[in-house]
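Before anything else, here's the structure in question.
Note that the chains take the letters A, B, C and D in the order they are written out, and that residue 1 is the start of every chain.
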Amino acid sequence: MVDWIVFVVGAVIAIAGALGVLAAKQPVHSAVLLVMTLFGVAVLFVSQEAHFLAAVQVIVYAGAIVVLFLFVIMLLGVDRSEDVRVETLKAQRQIAAVLGVLALAELVALSRFHFVLGTKSVAGAASEPGANVELIGKSVFTRYLYPFEITSVLLVIAVIGAVVLSRRIRTSEDVR
Amino acid sequence: MNLVAATTSVPGAWYLAVAAVLFTIGAVGLLSRRNVLVMFMCVELMLNAVNLTFVTFARMLDDIGGQVLVFFTLVVAAAEVVVGLAIIVSIFRGRVEGATADSANILKG
Amino acid sequence: MLELVWLIPALPLLGFLILVFGGKRIGEPNAGRLGAAMVGASFLVTVGVFFDLLSRHGEQRSFTRVLFTWLPSGGLKVNAAILADPLSITMALFVTGIGTLIHIYAIGYMHGDERFARFFVYMNLFVFSMLALILGDSFLTMFLGWEGVGACSYLLISFWFERDSAASAGKKAFVVNRVGDFGLMMAMFLIFSKAGSLTYANVFEFAKAGSFTRTAATAACLLLFVGAIGKSAQLPLYVWLPDAMEGPTPVSALIHAATMVTAGVYLMVRIHPLFLVASPNALHVVAWVGALTALFAATIACAQDDIKRVLAYSTMSQLGYMFLAVGVGANTAAIFHMVTHAFFKALMFLGAGSVIHGMHDEQNIKKMGNLRKWMPITFITYLVGWLAIAGIPPFAGFWSKDDILLAAYRDNKVLWLMALFTAILTAYYMSRQFFLVFFGKERFLHDAQTVAAIGPNDAHVRDHPHESPPTMWLPLVALAGLALVGGAINLPFNAKTEFLGKWLESVDLGGRPILAGGALKYGLAAVTVVLGLVGVAIAYNFWLRTNDARAQAALEPALLQRAYGVDGLYSAVIETPGRLLSAWLAFVFDRKIIDGAVNGLGLVVRFAGGKLRKLQTGYVRNYALGIAGGMVLLLAYALARAGIQ
Amino acid sequence: MQPSVSFPILSALVLVPVIGAIVVALLPKSRAEIVKLVGLGFSLITAAMAGWMLVAFHKGEAGYQFVSKHAWIKTWGISWHLGVDGISLFLIVLTGLLFPIAIWGPDERRDIKAYIAWILVLEAGVMGVFLSLDLFLFFVFFEIVLVPMYFLIGGWGHENRVYAALKFFLYTMAGSAVMLVAMLTLVFLNKSHTGVMTFDLLELSKANLATSTARWLFLAFALAFAIKVPVFPLHTWLPDAHTEAPTAGSVVLAGVMLKMGTYGLLRFGMGLFPEASTWIAPAMLTLAVIGIIYGALVATVQSDLKRLVAYSSVAHLGFIIMGTYAFTTPSLTGGVIQMVNHGLSTGALFLLVGWIYERRHTRQISELKGLFKLAPVLGGVFLLVMFSSIGLPGLNGFVGEFLILIGTFASRRWWAVVAGTGVILAALYMLWAFQRTFHGEPDEVNRDHMHDLTLRERLSIAPLLMLIVFLGVYPKPVLERIEPSVKALLIHVENGSGTVESRVSSGVVESAE
C-alpha cells in the first residue's frame, strides 16, 4: 500500500513539474519546475531500489545541470517573459500536439508487449545481496569498464568544447 | 524472470506509463516552445523519462544493466548540456530580442 | 573478237577516267576528240563482236564474260559480267554508233563553253553506264547501269547549272527516275526471293522450269515495267522528259532521244521469258500504257512552240509505240522501231541544235521561218528526218512503224485505231514544226529589215542566222543517210529480207510471226501512208498556205500548251503536301513534341527541385517536427512488428 | 590459331591513343603545329596497327582473333578481355582511318592542345568499345567516350554548344545507367545459376535465363543502344550535337560513335539475349522504317546543312537497324558493311561542310549559293560523296543498302518495301540541298569568300573518296571477312530463339551458278 502512495506522489510531482516546465512564461520558472520533476523521478528511482541513481540524479542533474541552466539564463539576460501563446511557425503547435498524442498512444500500446529485440544483456542480477551501489560499481568496473573509460574521454571533450565555443573572438572592432 | 517481491509491488507498466507521459510532454514542449533554453529543458525531461524506463526494466528484468545504462546516459546528458549551452551562448550573445530558435534561419532553402 | 567484248564498256570508262583527272589540261577541242575517239573505238569493237556473233548460229550466239565477283553475300552471288547476245549487241551498236556521231557533233556545239572538258567527262560516263545497262548479265549489273545513266542525265541536264530551271530540271529527272528505280528494285528483290539469283540465265531458266508462280511473275513484270516507265518517260512518270530539254542539245539527242529512254523498252524485251510465264494482262498493261502515252504525248506536241519540246513529246510518243509493240508481242518490231527512231530522232535533235546554234539560242519556232535559205544542209537533213518520222516510204520510220501497226492490228483493233490516229498527229505536229522553222516568212527579222537587204552570205548582220560548222553538219548527213536506209534492216517482203527478225530470233524473243497475208499487209501499209500524207496536208494548209491566226490558235488550245497541267497537278498532289508534312514533322513534331518531351523531362526535374527546396524552412523547430514525425512512424512500425509476433 | 608473334595488338590499339593524349597534354602550349603533328603521329600509328591487323586477320574464321585476356578484378570475374571478329574488324579499321583525318582535316585554331588530347582519348574509348568482350570493360569504355565528346562539343562547338553538349551527355548517360543495372542483374543471375561471378561476354551468352527476365534485361540494353544509334523517337540529341560540334567532333560522332549503338545491339543485344532479339524484331523493324522515312522527310526542310546531314544519319542508321533485325545473312552483312559505308560517306560530308563553314562561317543553306562555279573540286567531291550517301550503284552506299533491302525483303517483305521508298526521299533531300548550295549563280558574298580545296584538304579527304569508290566496285574482300561472323551470330540467334533464316537468303539453296 505504501508503495502505491510513493509511486503516485512521485509520478504526480514529475508530471506536474514537466507540465510546469512547458507552461512557464519565465525560463527561470521552467528551470525550477525542472528541478521539481527531477525530484519526482528520483523518488520513483528510490521506489525501484535504484538508490545510487536517485542520489546521482539529484546531485548531478538537479545540482549541476539545472544550475548551469540558471547560470546561462542569467548570462544571456533572457529573463524577459515570452508570450507563450504566440506561435510564429504555421501549424507548428497543432502538429506537435497531434504527434505527442500519437506517440503516447503508441508507447502505451507498446508497453503491454514484452517487445524484446536482440540478445539479453547479462550485467548481473539486480537482487543480489549487497547494496545497490556495490552492484552497479561491480558491473561498471568489470563488464562496462570500456564504455566507462570512453565516457570519461567524452566528458573531457565536452569541457574543452564548451570553452572553445563560448570564447569571444577578440576582434579589433569588438568594443563591447 | 523472477520478480523479486522485495521491491515495490506497483507493476512496472505503471512506471512505464509515467515515463511515456513524461517523454511525450518533453517532446511536445520541445516542438512548441520557442525559447531555446526551455526547449533544452524539455530535452532533459525526455532524457529523464528514458532513465526512468531503464530503471523500471532493470527492476522488472532483475538486471543491473538497466541502472548502469542510466549511469552512462547521465554522463552523456551532462556532456550534451554543456556543449548545447555553449552553442546557445555563442549564438545568442549580444542578441537583444532574446533567444528564440526561429531567429537563426540563415540556412533557409 | 568476242574475247574483247569487255573492251566495249571499258573504253568509255577509260575516257571518263582520263578526262576526269586530266580534263582541264587537255582543254577545248582535244577533250572532245578524245571522248569521241573512245566511243568510236568502242563502236568498232562492237561491230567486230557483231560479226563474230553473226558467224555463229542459233544458240551459240550468246557469250558471257565474267570480270569479277561483285556482291557475294549468303545466297546472293552477283558477278560483274558481260553478256553479248544479239539483243545487247544490237543495242550496243546503235548506242555507240550514234554516241560517236553525237560526240563529234558536241565538239562543235559546245565550242567556247567554260566547262567544255567536264561535258565530255559526263558524256563518256553516260556511254559507259548505258553499255553497262545493256551488256550486264544480271538484273543487278543492269541496275548499276540503270541508275548510272540516271545520275549522268542529272549531271548533263543541269550542266548549265547557273540557270535555276536547268538545276531543278536535273533534280526532277533524277527523283522521278528514282521512283521508277524503286519499282525495279522491288522487282529484283521479288525475283531473288523466288529464284535465289539475279542472273538473267538462272532467272529465265527458273521461269522456263515453271517454278515461278503466275502471280509472282506478273508482279515482277509489272514492277519492272514501273522501272521502265520511269526511265522511258511513259505515263505517269513522264514529267521529267520535257523539262530535260534544259540540258545542252547533244545531251537531248543522245540521252533523251536515242539511248537512255530506250532502256525501258530494252528491259521489257529482255524479260520476255518472264512475260510468257506471267498472266497475259501484264502485256496488256504494257500495250495500253504505251498506246495511251503515244496518243497523249502526240496531242501535246501539236501545241508546243519550243523546237526541242516538240521533239521531246514526239520521243515520248514514239516510245509509246515501242511499248505498244512489246505489249502486242512484236518484240522485233519494237527493237526495229527503236533503232530507226534512234536514227531520225537523233538527227532531228541535232538538226534542232544546229538551228538553235545558228539562231543564237533562239528556241521558239514562232520566231523562226524560211531558214532553208540560210541553213541548207540542216534543212535537207531535217527534211529526211521529217519524212522518216511522218512514215513516208522509203524512209526508215515508215517500215518500223508499219510493223508495229500491223502487229497491233492483229492483236487488238482498239489499240490499232489509237496508233493510227497517233500516226496522223505525229505527221501533223512534225510537219507543223518543219514548215514553221524552214518555210514561211522570216519571223526573226525586225520589221525594218527586209529579206532582200540581207544577202545569204551577208555575215556582218549580228543576228543573221548562219549554217553550222562541218563538225556539226557531218554527223547530220551521216544520220540522214541512216534514216534513209535504216528501214533496210528489216524489210517485210519475205523471210530473207527480215534480217533483224532472224538476228534476234536466237534471243528467243518468241514474238509471234509478223508475216500476215500479203494483201492485208500491203493494204494496211497503204492506209498508214495515206494517213501520214493527210497529217502533212493539214499542217501544210494551216501553217504554210494560209496564215489565218484564228484557225492556228484553235489548233493550239491552251490546255495542250500547258500539257494538260499535269505538272501543276503533281506538284499540288505530291510536292506541296510532302513539303507541308516534312515541315510539320521537322518544326512541330520533332522540335516541339519529341524534343519538347526531352526538355520537358529536364523542366520536370527542375520544377520538382524547386518545390522540394521549400521544405528547408530554416526553422530548427520545423526540423524537430520532422524528427518527431519520424519517431511516430518508427513506433508505429515497432507496434506493427510487435503486433505480429 | 593465333599469329605467332604474341604482340598484344588490340591492347596496343587502345593504349597508344591514350599515351598519345598524355604526351600531347605535356607538350608546350605555344607550338600549335607541333602539337597537331604529334597528335596526328599517334593516330597514324594506331591507324597503321589497325591496318596491320586487317592484313593479318584470318579470312574464313568466325571466332574472335588476336584475343588478349588478362584478369583485372578477379573477385568479380572482370578481365581485360579484348578480341576482334568479322563484325568489329572493319569498325576498328574505320576508327583508325577516321581519327587522323578528323585531326588533320579541319584546321581548328583554338586551344589546340586540349583539343587534340581529347580527340585521342576519344579514339582510345571508341577502340575500347569495339574491342572489349567483357561487359564491365565495355561499359567503362562506353561511358569514357562521353567525356571527351562532351568537352569537344562544349569547348570547341558553335553557338549554343553548351545546351547540345549537356543534352548529349545526359541523354546517353541515362540510357547507359539503365544498361548498368541490367548488366549487374545479369551477372548476379548468372552467378546464382552457375555459381561463378563473371562479366565475360562469352560465358554470359551461355547463361540460360527465363524468357521474361531475358526480355526485360534486353530492353534495358536495347534502350541504351537505341539512344546511341539513335533509333527514331530517341534521336533528338543527334541534330543538336552535330550542329554544334566542331568538324572533327561531327566526323567522329557520325563516323564511329553512332555505330557503337548498332554494334552493341549486334554483339551484346543478340549475343546475350538471342530470344529477346527475335521477340523485339518487329518493333525494332517498325521503328527503323519510321526512322528511315521520318529522317528523310525532316531532312528535306532543314535550313542548316549540318542538321540535314544529321537527320540523314538517322535515316541511314534506320537502314542498319532494319538490316540487323531482319535476321538474314545478306541483311546483317549489309548492316555491318553499311556501318562502315555510312562512316565513310557521312564522315566525308561533315568534312566538306566543315570546310564550307571555315570559308563562309555559315551553315545556312540560304546563305550559300553557286559554290560549284567557285570551287569546282569541292563541288565534284561533294557530288561523289552525295551520290554515295544516296546509294548510287557503283559506290559504297549502294552495296550496304542493297544487301539490307534484299535481305529484309526475304524475311520481312513489307518492311523492305516501305523502307525502299526511303531511297527516293534520300535522293530528294540530298539533291535539293546540293542544288540550293552548289547550283545557281554565286552572289557577291560567296564569290569573294569561297576558294577551292587546298592540297591539305584534298589529301585528308582522298582516302575516304578512294574507299568510297573501291568498296562500291569491289566489296568482296570486306564481305568475305564479315560473313563468317555474321553467320555464326545468326546460328547463335537461331539456337537461342528457334527462328530459322529463310533458306534462299542464307545461301543454303544450291542456285545453279
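As a working rule, contacts are C-beta pairs under 8 Å (C-beta built on N, C-alpha and C of every residue); 3 or more make two chains touch, one makes a residue touch a chain.
What you see is a predicted model, and the numbers here were worked out from it, not measured in a lab.
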Fewest hops from chain A to chain C - one hop per pair of touching chains: 1
Farthest chain (mean CA position) relative to chain D: A
Between C-D and A-B, the pair with more C-beta contacts: A-B
Chain A and chain B, separation of their C-alpha mean positions in angstrom: 4
Centre-of-Cα separation between chain D and chain C, whole angstrom: 37
Whole-Å gap separating chain B and chain D, where each centre is the average of the chain's CA atoms: 67
Rounded Å distance between chain B and chain C, as computed from the means of their C-alpha atoms: 99
Per-residue multi-chain contacts in chain C, two or more chains: 617, 619, 621, 625, 628, 631
Contacts with 2+ other chains: residues of chain D: none
Touching two or more other chains - residue numbers and ranges from chain B: 27, 31, 34, 102
Complete list of chain pairs which touch one another: A-B, A-C, B-C, C-D
Residues of chain C touching chain D in the complex: 68-77, 118, 140, 143-144, 146-148, 151, 154-155, 158, 161-162, 164, 167-168, 170-171, 174-175, 178-179, 181-182, 185-186, 188-190, 192-193, 195-197, 199, 202, 205, 578-579, 581-583, 585-587, 590, 594-595, 598, 602
Parts of chain D lying in touch with chain C, wherever the complex brings them together: 167, 170-171, 233, 235-237, 294, 297-298, 300-302, 328-330, 333-334, 370, 372-373, 376, 383, 387, 392-394, 398-399, 402-403, 405-407, 409-410, 413, 416-417, 420-421, 423-424, 427-428, 431-432, 435, 438-441, 473-476, 479-480, 483, 502-509, 511-513
Chain B partner contacts - residues on chain A that touch it in the complex: 3-4, 6-7, 11, 14-15, 18-19, 21-22, 24, 27, 30-31, 34, 37-38, 41, 44-45, 47-50, 52-53, 56-57, 60-61, 64-65, 68-69, 72-73, 75-76, 78, 80, 82, 84, 86-89, 92-93, 95-97, 99-101, 103-104, 107-108, 111-112, 120-127, 132, 135-136, 139-140, 144, 147-148, 151, 154-155, 157-159, 161-163, 165-166, 168, 176
Chain A to chain C touching residues, read off their complex: 88-89, 92, 95-96, 99-100, 102-103, 106-107, 109-110, 113, 115
Interfacial residue positions of chain C with respect to chain B in the complex: 613-621, 624-625, 628, 631
